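Structures for review follow.
Each of the next two complexes has chain A plus one more chain, namely chain B in the first and chain C in the second.
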Partner chain A sequence: MSKSKADKYRKVAYYPGCALEGTGHAYDRSTRQVGKALGLDLVEVPNWNCCGAMEAKNIDPKVQTYLSSRIMSITANKMGMDVVMAPCNGCYHNLKKAEYDLAHDPKSAEVVGQLAGKAGETAYQAGQVESIHALEWIKSAIGEEGLRERIRGGLKGLRVANYYGCMYTRPRHIFPEKDAGPGSESTAKPHFMDDLLAAAGAQNVEFALKTACCGGAHTLSDSDMSTRLVLNILQAAEAAGAEVIATECPTCHSGLEMHQVRAEKRFGKKTQVKIVYFTQLLGIALGLSPRKVGLHENVSDGLAALKRRGAA
Partner chain B sequence: MPIHEKSLIRPENLKTHEQLVVDGVDVSGHWSTFIQSRVVTDYNEALQEEIAALPGGEYIHRCWQCGSCTNACTVNAVNPDFNPRYWIYLVRVGMESELLRDKDIIWQCVSCNKCTYACPRDVAPEGVMKALSHWLELKGHTRKSPSMIFDEVFTDQVIERGRIEEGRIIQQFFRRTGQALGQDWLIEMGRRLLRRLPLGLLMRLGLAGVHAPRTRGWARSRAALREYVAQEQSRQRRALGLEDLIEGARRDAAGITHG
Partner chain C sequence: MRALGQIEERLGELLDAAPSAAHAAELLRLGEEVLEHWVAAHGQRPTEELREGFRLLALHRQGALDEPSFNACRETCRELVYHYNLLISEPDRSDAGRRALMMARLANHLYLFVAGKLQVSQLGEFCCASRPLRAQADGPG
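Now for the complex of A and B:
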């Protein structure tokens, strides 16, 4: 980790996205609280819009490119900042995808230029802004060493399965900074969350389904498929001995919670593993109260697991 | 592209002789099974171009049939009939009637991007799956899939207000697909959530239900996006040889009847 990157990420533009205002509110809350506890500065992107999520691209991919590029345009041209952080995998993925398309596909740049012009905005130019995930933000700005120094209490050996989902690593070509040698994130076996939670005192279990799909895109439109995919993830985590699954995406998180209940109701398959945002776990390890990191807002009762370990 | 496709063998073309003697040797039964040849004549030579004209399908011509996509596929692991490599093959050779045999499952792609990650030729198979779903619906081979309805409800809201509110999306989606909101598992989830939720958050969520979140000054973006989507959709329909809806609407407005 270079010194300059740590400094660069100390104060970043913050793009929460729609889910973090709704079902993922606990993720927004815990991200802000952890940032505060670590002495990092988040400046919310003013008057942001939806990035298009997994849906707009299916109506037309360039609609998504425009929507996501608008966030980066505000960051660069209105806030005068050059790093935007998104905790949601979907938002993060879409910003990276827009960045890639605008740099490599002249047609995308042309359409976005036209749409921004008609909307009376400054069109985003590739390269103006670096988009990062909350994991990269904390990993680079604080790092494991810095985190260890700030831990108050820690996670007391809580057994955690780290679940990254799809959009954080795939497809690899939109993440040129990953798989880039020592210290960089891996697209095949991501480890940033593992690293941070280990530094916070968790015991990470060997979990093969880190980047398996939870069926989030079809969570309501093909619920049986999603339930089967989620059940697979939950059972694999339990088989690996995990007490909790740590998440870093609001869609994955609510998908796991929702289909854990659905698997129980529809398929009669009960699983005990709890689902907790990684920022909630970090917050607890930093000595924040469970309420402050929004543990009571989760459907799945992670607090019980933390109490059992004496971590909360 | 000569490739052995087991899926092209129809069960009715498998012939087994109960009693067969060849050169004095009894070859009756299962192991004398052979495949009756069949001749396919109804190729759609424009099929690849039609798919390539739809968003996501642009790079289908690059495919060299390695099968990395199907090997990596999340849905294939659940349903072996879900076979992106095979569908790309059918499109490339123009075997439309064979493709249509799988028309009711193609929409089930979960967009996990494992195929696009694995593809050595940058075909972006995930995009091809979306193009195929669009093609099936545009050509009238399938009804709108639940996934497409969800995409429409979601994108309509984004274009309308700049932001979405999840409660509204779920309500509208359930209404359009004719499902009851009172699903047992949704009720159970709400019950578990309410056990611990503080009043303040409930009120905040309730407020979001009344005052939908929106991006300020969005009117010009909305107009630009609506215009762009309408243009693109009309271009796609023309590429598939379908009637241009904008032209149709203009004719209707001018009072000229057709059909």
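Now for the complex of A and C:
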């Protein structure tokens, strides 16, 4: 008999990815702390590498497929595990894309086999591992009911706009488990973060730009355009009544934070909404200290918003 | 079809003046004009057809053919239509002003996304689901 998702996700391989060692350190820290508080086990993938991000993909997509497949190969063939969790949208997207390519494109499988052979490693075979995002991990392993039982204090009606970014749901064909009926995630209107934060005591606002592009890929080559896209997202969140924007990707998060500052300096447009990782919000709701979930590492002062609500 | 600069200017005016339900049709039209620019820039004639009752959705579909990364604005277009429907069906609701402002933000996002994508079209795709430049450089085969 197959294990339920809740059982299956209790102990998973953890692939933090490069961003979580740098600008997204607070996301790594809060993800680990929340996992611990919820009784979930994360086993870090040993000797992990970059997933190929956007750079490798634009030069040679098959190299990116190999790099991502190597994470899944280590998970399956060295760790003996069948689920790998990636909190970063970029990593998650690339693992799912590699899985899709290897299952549907014989040429990709051939190139991955050759590169793995040269590196003296076992090539990943499609279907060996399931790649999940941190949202799916907590939603399936604990769920809203389980979360409510563990909440200490909660978010006390904090008004939150949930921002998923563009890579969590796109392109749809690499996420076959989404749009799969009741209980599954939606690619048009994702809701897992909304569900978890509502269970933690937040009041989610109706936010029309939850999957809109933030211009992250062009933050260096066309900074003004990225700043204007981000500013529009921030202003829309404020118009929706949000005190906080919850994020679930280190690239989106740092883009929103940095361009919020830049929008004020470059265009004189100041916005007040704070940017906080959803894992930081869950950690606070679970009774963890702001320091433990790394709120002091954020550029945006989310702690002030939480204190105003009496949630921290 | 207005120039992109004129579209930007009008959106700025609407955002500054706090739009109302009465601006729903104009905001939808501005969204269509933004997509017309994208389609025309790709050497095609902007469609007059409707999809699910809206030209905006038909234009998005036309713009996304052979350009999968253009789907990054699919939900923005659908939300624009959704907000139009909300405003048309309940123009006197107490929060109609907030809905109209959100619709203006959506139209503005569509403008920024498409205008940015047109600006950098020679540098590569605007979003992360990009088609590799290498494929273009190497040519077929």
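The working rule: the second predicted complex is superposed on the first by the 309 of 312 C-alpha atoms of A that agree within 3 Å, B and C clash if a C-alpha of one lies under 4 Å from a C-alpha of the other, contacts with A are read in each partner's own complex, and residues count from 1 in each chain.
Just so it is clear, a contact is a pair of C-beta atoms (placed from the backbone, for glycine too) under 8 Å apart; a residue touches a chain by one contact, two chains touch by 3 or more.
These figures come from a predicted structure and were not determined experimentally.
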| Fit or clash - chain C, chain B, common chain A | clash
| query | Between chain B and chain C, which makes contact with more of the residues in chain A? | reply | B
| Which partner does A:60 contact after superposing on A: first (chain B), second (chain C), both, neither? | both
| Touching A:171, do we find chain B (first), chain C (second), both, or neither? | both
| message | Which partner chains sit in contact with A:19 here, chain B, chain C, both or neither? Use first/second/both/neither. | response | first
| Which partner does A:4 reach: the first (chain B), the second (chain C), both, or neither? | neither
| A:209 contacts which: chain B (first), chain C (second), both, neither? | second
| message | Looking at A:119, would you say it contacts chain B, chain C, both, or neither? Reply first, second, both or neither. | response | first
| message | By the touch definition at the top of the document, which applies to A:225: first (chain B), second (chain C), both, or neither? | response | both
| request: Could you look at A:111 and tell me whether it touches chain B, chain C, both or neither (first, second, both, neither)? | output: first
| request: After superposing on chain A, check 21-29, 75-83 or 111-119 and name the one in chain C that bumps into chain B. | output: 111-119
| note | Where chain B and chain C land on the same part of chain A: residues 54, 57-61, 166-167, 170-171, 212-213, 215-218, 221-222, 225, 228-229
| Mind pulling up the chain A residues that touch chain C in the complex? | 54, 57-61, 90, 93, 166-167, 170-171, 188-189, 206, 208-209, 211-213, 215-218, 221-222, 225, 228-229, 232-233, 235-236, 239-241
| query | Quick one: in the complex, what on chain B touches chain A? | reply | 55-56, 74-75, 78, 108, 110-114, 116-117, 122, 124, 127, 130, 145-152, 154-155, 158-159, 162-167, 170, 173-174, 177, 184-185, 188-189, 192-193, 196-198, 201, 205, 208, 213, 215-218, 220-221, 223-225, 227-229, 232
| task | Write out the stretch or stretches of chain C touching chain A in their complex. | result | 68, 71-73, 75-76, 78-79, 82-83, 98, 101-102, 105-106, 108-109, 112-113, 115-116, 119-120, 123-124, 126-130, 132-134
| field | Of chain A, residues touching chain B in the complex | value | 18-19, 21-23, 25, 47-50, 52-63, 66-67, 70, 111, 114-115, 118-121, 166-167, 169-173, 187, 212-213, 215-218, 220-222, 225-226, 228-229, 257-258, 261-262, 264-266, 296-297, 299-301
